[in-house]
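Multiple structures follow.
Heads up, the next two complexes both have chain A, just with different partners, chain B and then chain C.
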Partner chain A sequence: MRGAAALALGLLLVAPLVPLAVWSVARGWFFPDLLPARLTWEAWSAALSPRSGVPQALALSAGIAAASALLAVLVGLPAARALGMRRFRGSGAVRLALLAPVIVPGIAIVLGLHGLFLRLGLANTVPGVILVHLIPTLPYAVLAMAGTFAGLDPDLEAQARSLGARPAAVLRHVTLPAILPGIVAGGLFAFLVSWAQYALTLVIGGGKVVTLPLLLFSYATSGRNDLTGAIGILYLAPGALALVVSARLLTGRGAGLATMHATMRAKVRA
Partner chain B sequence: MTGLRLEGLTARYGDHAAVAGLDLAVAPGERLALLGPSGCGKTTTLRMIAGLLAPAAGRVLMDGADVTRHPPERRQAVLVFQSGMLFPSMSVEQNVAFGLRMRGVPRAARRDRARAMLARVRLDGLADRRPADLSGGQAQRVALARALVLEPRLLLLDEPLSSLDAGLRDEMRELVLALQRESGVTTIMVTHDQAEAVAMADRIALMLDGRLRQVGPPEALWHRPADAQVARFFGGVNFWPGRGDGTRFDCALGPVPCAAEGPGLLTIRPEAVRLDAAGPGALPARETGRRFLGAVTRLRLVVGADGGEVIADSPAPPETITQVTLPRAALHLLPPP
Partner chain C sequence: MRSLRWRGRIIPAAPVRTVPTWVLLTPALVVVLGLFGGGLALGALRSLDADPLPGQMAWSLAAWGRVLGDGGTWASFGLSLWIAGASTLLSVLFGVAVALMLRGAFRGRALASWLVQLNLAVPHLVGAVGILYLLSQSGVLARIAFAAGAIEGPADFPALIWDPWAAGIVLQYVWKEVPFLALVTLAALQGIGRDYEAAARSLGAGPARAFAHVTWPQIRPAVTGGAVIVFAFAFGAYEIPALLGASYPKAMPVLAWERFTDPDLARRPEAMALALLIAALCGALVLAGARGLRLGGVR
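The block that comes next holds the complex of A and B.
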């Protein structure tokens, strides 16, 4: 029963990607042929050569997503702590306000923001794009981290203080290990959300900051199905990787990471 | 060994004073129980001693030195939480060694001391376990070992036994007492259970509504409560308002022979009421109900013409009861309500 469900889910997730994979190695694939006439790696070698702009876009996308995720985690940490550990007047409203960017379309905000970014000299720059990506990434990061903070007993930190730990030591030895799964989850979410941004990048980047989605879109609309297939698969890679990593680290109710950390240290010592 | 003094210690939550002007001195090496119902401010007081909560007013002094403004990590007053509060990402040994690590004790030395301490709480084999794999009693013992390995100036115990079931509770109580005697550490424990306080403490400080009501050895609070509320907290059930003239006390029971003088509330512990002897001062009584409580049977008796009620606990009550004796030495006069 569970095997059948897993199979169905796998088919549902993987099946739509099969034509993409076939396109990336096809040469002359016309209706009504079930498979292309010839298979070739041409599209892949084209996509991976610097002339296509794909390696640069891949690196830029990864850099922007990583920077945006890091910022989202750093900026979101205090908010996540407050939302997760305290019940205060208006905490429901704050939670809703944090979620608002998920509900309100980014394009609606970014057209207004564009003027501001122009004045600040942030339009058409990579830092500007990183900053604007905080709009959609921050809610995911905060909510993912608030969940682990909710499971952290404030007395655990009090206990560490009582045993002689200074605040910095408490953070390092007690708080961080306890919330690490949430930080990883929040960071991964933020990375993927940033990775998938199209409209925000287009408006604030002004076409000067060419990330992978922008490149993918331009190849897809120019009719290069083989290149689109190859780039599409490259575009999916971090998502699949993130899924595997988070599944391995976050199952076992957040204890997985700490246990892994400990067993690794034990091995190093032995 | 460290002495502790609290002067006018006050804690406020909003407008409500959770602890109001508490004055208390604890002698070096003493075991003091802060006893009271939940919400009386005893845990708040313990947190202020530990430095985890800043008092709104008042001072905390250790050996005469004011530590009110010291952060918790500088006080060496280690709080052991009710739930153990073990660090989940560390092994049992790492938990016990945590405080030593914070003090900069080298790895080998803290390992040896942690292992030795674990042996003293009889958990030798569990050093490499994770807290999640321990039972409640084991976790509590690890928490105790983690505090005692530091040889703290003050040991602060928050409800040390109340999360354990009855059998474990006796075992843990003996262990805590043995370790405390061995180390001689000044100990303050918070509990809502008067039996626990009586069994473990040299002195009890009873708190009600944020104020100290009576401080003294367990026997004093048990036999000579300061007022009816204190008496009720220790299981007092017999209270008769009236007036005494030095030889007898007039109340709902009729004239009761005793040395009480002036108006007040006469009380006697239920187990001190005698049902057998028809000695001098016996009062005619009629039984109206009995209930088996295990170690004793609780009897409700009507005494005197005015229908005054006496409640008596007896391990083996006679079949029929016709009289009760209230031994003079066991009678105690409380201030009028």
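The block that comes next holds the complex of A and C.
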């Protein structure tokens, strides 16, 4: 009974991904054929050639996500320390302030920002998109890293200081090694959150900054199902990869990034 | 830190200068509140500005009047409420069920929970394209129905994409959010353990009664928190209704984007008003959720 339900669940979970994968190697897959008449790698070789714009979009998405994640970690580290290690009045309000941008939809915020970005010369530019991606990536990075800081014993730093270590040495030899897993997790989260953005990129990029999801959307609405399938699989690859890697790397016991993501989102709901 | 006592001597703690908490919080709060609060404030300002030229301001409530007086706005508002409400309800129901299932031990549990996690890592847009190829009238399900002799052509297959009920949109959200709510619920279930439930069962409560009176009250805050997140996302996401939605009524975010890109610049303040309506609904939800869910301090 439970096995049958689990089987049904598994089938439903992969169901929408199967047509994507089949389309990516299909040629002439028309109604009512259950399977394509011919299999071909054409869509994949098109996706890998610069003429489709896919390699450029892939590199651009990765660059924007990496830059936004790096900024989120750097800007967010001090706040993560305060939230994780200190009790202070108003910490609930700080959490709420960090949570609001995660919950309030991006399109509601970014339409108002567009005019300002235009005036600052940031509209239609990559730096502008990186900056606007901080709205969702920074809260995720802070809250992920705060969890690791909460597990850091402040006495360790004080002991290092009393043994004569300078603040820089304490940071390098005590604090950073202890919170490195949190930095990696926070950075990875921020990368994937930026990777998933659509509306923010659309509005601030103004059609000039074509990241992978924007290209995926435009192929999906132009009827190139084969190329769309290939791009779709390329687009989901980093998340799936992070899942596999993080299951070992971050926890060592198979809990995985997704579980952490879910529990974190639930915990930090404030 | 405390002073140490070592071989009978008291070693004073080194003076550790601590950075004030507000200094630590400043960089993140400046960026988040600047961009988030700034976006909302500028949107509000622009919604009240009848002058399309940048830098010039002509106060006017005309855009709000047009938006609130337009039946199309309320059709879109209703559609987005329906999409978000139906998606959230179904996701909660199935998410909790999946969590209860994954809690037990059975063959294939590891694979099932791995697939649940994999699904969470798939971007929404990929799910939406997959749903499109699966459920459209010439999609995979329609082909299976044709092969089974249930339909005679694509037109016989029910319209689940670009349809007035937004079935494809709701199904996409349910597909993506059931795993999310399942993992949230599972974490809450593991947090409370099974002792209370076992006690209720040994006192004669059936499984349904034990769940309703013992387990559910304990996991409800976590599930409610997850539901708020799902509702706000389904209400405000742009790309999924843009791909799978009908041309009328449009979901609120799609309508806002359409007004924003209207060649007539005088319609831009209407886009800002629509954006604020979306923000207001989701903001109210956050505040309501925060109140109901105990705003915690450190841990």
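Basically, the second predicted complex is superposed on the first by the 236 of 270 C-alpha atoms of A that agree within 3 Å, B and C clash if a C-alpha of one lies under 4 Å from a C-alpha of the other, contacts with A are read in each partner's own complex, and residues count from 1 in each chain.
Going forward, contacts are C-beta pairs under 8 Å (C-beta built on N, C-alpha and C of every residue); 3 or more make two chains touch, one makes a residue touch a chain.
Keep in mind that this is a model prediction, so the values were computed, not measured.
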{"item": "First, second, both or neither for A:Ala199, with chain B first and chain C second", "value": "second"}
{"item": "Touched partner set for A:Arg161, first chain B, second chain C, both or neither", "value": "both"}
{"item": "First (chain B), second (chain C), both or neither touched by A:Ala178", "value": "first"}
{"item": "Chain B versus chain C as contact partner of A:Asp153, first or second or both or neither", "value": "first"}
{"item": "Residue contacts with chain A in the superposition, chain B compared against chain C", "value": "C"}
{"item": "Partner chain in contact with A:Ser222 - chain B first, chain C second, else both or neither", "value": "neither"}
{"item": "Chain B versus chain C as contact partner of A:Ala169, first or second or both or neither", "value": "first"}
{"item": "Which superposed partner A:Ala6 touches (first chain B, second chain C, both, neither)", "value": "second"}
{"item": "Touched partner set for A:Ser49, first chain B, second chain C, both or neither", "value": "neither"}
{"item": "Shared contact residues on chain A - chain B and chain C", "value": "155, 158-159, 161-162, 258-259, 261-262"}
{"item": "Touching residues (chain side chain C, partner chain A) in the complex", "value": "1, 4, 11, 13-14, 16, 19, 21, 23-29, 31-33, 35-36, 38-46, 54, 98, 101, 104, 106-109, 111-112, 115-127, 129-134, 138-140, 142-144, 146-147, 154, 172, 175, 179-180, 183-184, 186-188, 222, 225-226, 228-229, 232-233, 235-239, 242-243, 253, 256-257, 260, 271-272, 275-276, 278-279, 282-283, 285-286, 289-290, 293-299"}
{"item": "Residue ranges of chain B touching chain A (in the complex, touch as defined)", "value": "47, 50-52, 71-73, 76-79, 81, 83, 85, 87-91, 98-99, 102-103, 130, 132, 146-147, 150, 156"}
{"item": "In the complex with chain B, residue positions of chain A that touch it", "value": "153, 155-156, 158-166, 169, 173-174, 177-178, 255, 258-259, 261-262"}
{"item": "Chain C contact footprint on chain A (complex, rising order)", "value": "2-3, 5-7, 9-10, 12-20, 23, 30-34, 75-76, 78-88, 91-116, 118-119, 131-132, 134-135, 138-139, 142, 150, 154-155, 157-159, 161-162, 192, 195-196, 198-199, 202-203, 213, 216-217, 220-221, 225, 228-229, 232, 235-236, 239-240, 242-243, 256-259, 261-263, 265-266, 269-270"}
